[in-house]
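Taking it in order: structure first as structure tokens, then the write-up.
Per-chain numbering from 1; labels A, B, C, D, E, F and G assigned in written order.
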Amino acid sequence: MSNVNIKPLADRVLVEPAAAEEKTASGLFIPDTAKEKPQKGTVIAVGNGKKDEPLTVKVGDTVLYGKYSGTELSFDGQDYLIMREADILAII
Amino acid sequence: MSNVNIKPLADRVLVEPAAAEEKTASGLFIPDTAKEKPQKGTVIAVGNGKKDEPLTVKVGDTVLYGKYSGTELSFDGQDYLIMREADILAII
Amino acid sequence: MSNVNIKPLADRVLVEPAAAEEKTASGLFIPDTAKEKPQKGTVIAVGNGKKDEPLTVKVGDTVLYGKYSGTELSFDGQDYLIMREADILAII
Amino acid sequence: MSNVNIKPLADRVLVEPAAAEEKTASGLFIPDTAKEKPQKGTVIAVGNGKKDEPLTVKVGDTVLYGKYSGTELSFDGQDYLIMREADILAII
Amino acid sequence: MSNVNIKPLADRVLVEPAAAEEKTASGLFIPDTAKEKPQKGTVIAVGNGKKDEPLTVKVGDTVLYGKYSGTELSFDGQDYLIMREADILAII
Amino acid sequence: MSNVNIKPLADRVLVEPAAAEEKTASGLFIPDTAKEKPQKGTVIAVGNGKKDEPLTVKVGDTVLYGKYSGTELSFDGQDYLIMREADILAII
Amino acid sequence: MSNVNIKPLADRVLVEPAAAEEKTASGLFIPDTAKEKPQKGTVIAVGNGKKDEPLTVKVGDTVLYGKYSGTELSFDGQDYLIMREADILAII
């Protein structure tokens, strides 16, 4: 898990996407259908949530999220996604 | 009913779709019309609900949901759907 | 009125549509115009309503609803519709 | 004014449209322009309103409403419209 | 100012549009550009407002409103507009 | 600054757009790109705000607003814009 | 960091975009993909927030924001962006 100094705002979360080979190792398999497929990643940083709504995910959680969720950015050669917690489907 | 270690977020629910032959056995029959047809499945895991709105469905409930609801994922060879509780029509 | 073991979720209602000949017997007639025409049916099961908003219709009520309301399903050879209470126009 | 046994749900209102000749007699005239023209009718039955918002119109009120408001239905040979109170422009 | 027996519902207002020549007399001039131009009129009747939101305009106020606001109706040969108070830009 | 007798309703504000040469004098320069450019003007009159939300801008403030904000009107040969406070970007 | 006399309204923030070469120096690299890429800048001035929702970012914060966020303006030869705080992704 990377250590980056980025503080997401409000209900946003910084996620480091899992490498492709890691998916098979964990037993998770994404079926090859026409439906949108979830992606897996690790939470690196979280915002403070919205008013009266603290976030549920924590730094270190492995999460599933939609394929087109979030905005890409990279730091020191590592790619990240910054997305809203509502784009996260589940913690695994 | 499968045992998986996935925690859906907020108002999301993890559902294991029923096999096709199980539909006839239970007497449920989906008519062949142009309308959207509900599907049947078993609730495997549930989120904590939204603020002040705990979920109604429980693990183990057999539920009906719309044909195009949810996002597919599979684990150890079993297909699941992760959807919002609002996509669930009824408990049977 | 049928007896089925289906619990609609939240503000949903299970309706058994009236047979076509029953419409004439009750004096209700749906004019043949371009406007959407309401349908008649009997409430078979109701959800618990949304937070702070219990449902108004009760099991046994005869209701009018829009022609394209709800999702079809059938059980033991009988067709039903599951719809939101907001799709119900009136109790007759 | 007709007497029908229909209870509109929530904020819905059952209206008996005025006959065409009645419009001239009352002095009301709808100009022939491209704008949507209001229609006149009599309130026959009203719902209980939404939570904390009782309805304003009462049975017997003569109301103006938009030309394309509501859903048509007829009972014992009389045509009615069932519409939301928000579709009613004014009481005259 | 006319005297008509029409009670607008909720946040609606009945406006008698000003005659075209009256505009020049008051010094108000609407520039001839591509932007939507406001119209001037007199408030004839007002609704009771929405829950907890009484109306601001009063009978007799001269108001400016958007060109395409409201629904036309006429009574005893006089044209009126019935519109929501939110369609009124200013009192002059 | 002009003196006009117009009372904007609710959260609306009457703005007198700055003349074109005044922009250079103040040092403000609007770059010539494809993005929407803000305009500068003086607040002439303000509404009472919405329920529980008094306005922030005051008569006399110089404000920046989007190029296509508001509705044009003119009075005694002077052009004004009437817009919602939410259309105002900043006070300068 | 520039010193300008502009007060953004409500939940708006004035940002001075970072120069292009500064991006490489800080180690931040924006990958060249089809996804929308975030931009970096410094907060120069902030509004008072919306009712009951003070802003999170402070003057001097370095922030990431979407490429098409905000409205351009320039003052004394320096370009700025004025945007809503919701358009800001993170503080770095």
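Throughout what follows, a residue touches a chain if its C-beta (ideal position, glycine included) is under 8 Å from a C-beta of that chain, and two chains touch if they have at least 3 such contacts.
The chain list, named the UniProt way, goes like this: A, B, C, D, E, F, G = Co-chaperonin GroES.
It should be emphasised that the depicted structure is a prediction, and the values quoted were computed from it without experimental measurement.
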| item | value |
| --- | --- |
| Neighbouring chains common to chain B (Co-chaperonin GroES) and chain F (Co-chaperonin GroES), by label | none |
| Interchain contact steps from chain A (Co-chaperonin GroES) to chain F (Co-chaperonin GroES) (minimum; 1 if touching) | 2 |
| Whole-Å gap separating chain D (Co-chaperonin GroES) and chain E (Co-chaperonin GroES), where each centre is the average of the chain's CA atoms | 24 |
| Mean-CA-position distance for chain G (Co-chaperonin GroES) and chain E (Co-chaperonin GroES) (Å) | 43 |
| Between chain E (Co-chaperonin GroES) and chain B (Co-chaperonin GroES), distance of the C-alpha-averaged centres to the nearest whole Å | 53 |
| Interface hub residues of chain A (Co-chaperonin GroES), defined as touching at least two other chains | none |
| Ring of chains, enumerated from chain A (Co-chaperonin GroES) in the sense that reaches chain B (Co-chaperonin GroES) first | A, B, C, D, E, F, G |
| Chain F (Co-chaperonin GroES) residues within the chain G (Co-chaperonin GroES) interface of the complex | 27-31, 33, 35-38, 52-53, 56-57, 64, 66, 85-86, 88-92 |
| Touching residues on chain D (Co-chaperonin GroES), where the partner in the complex is chain C (Co-chaperonin GroES) | 5-10, 12, 14, 45, 47-48, 51, 71-77, 79, 82 |
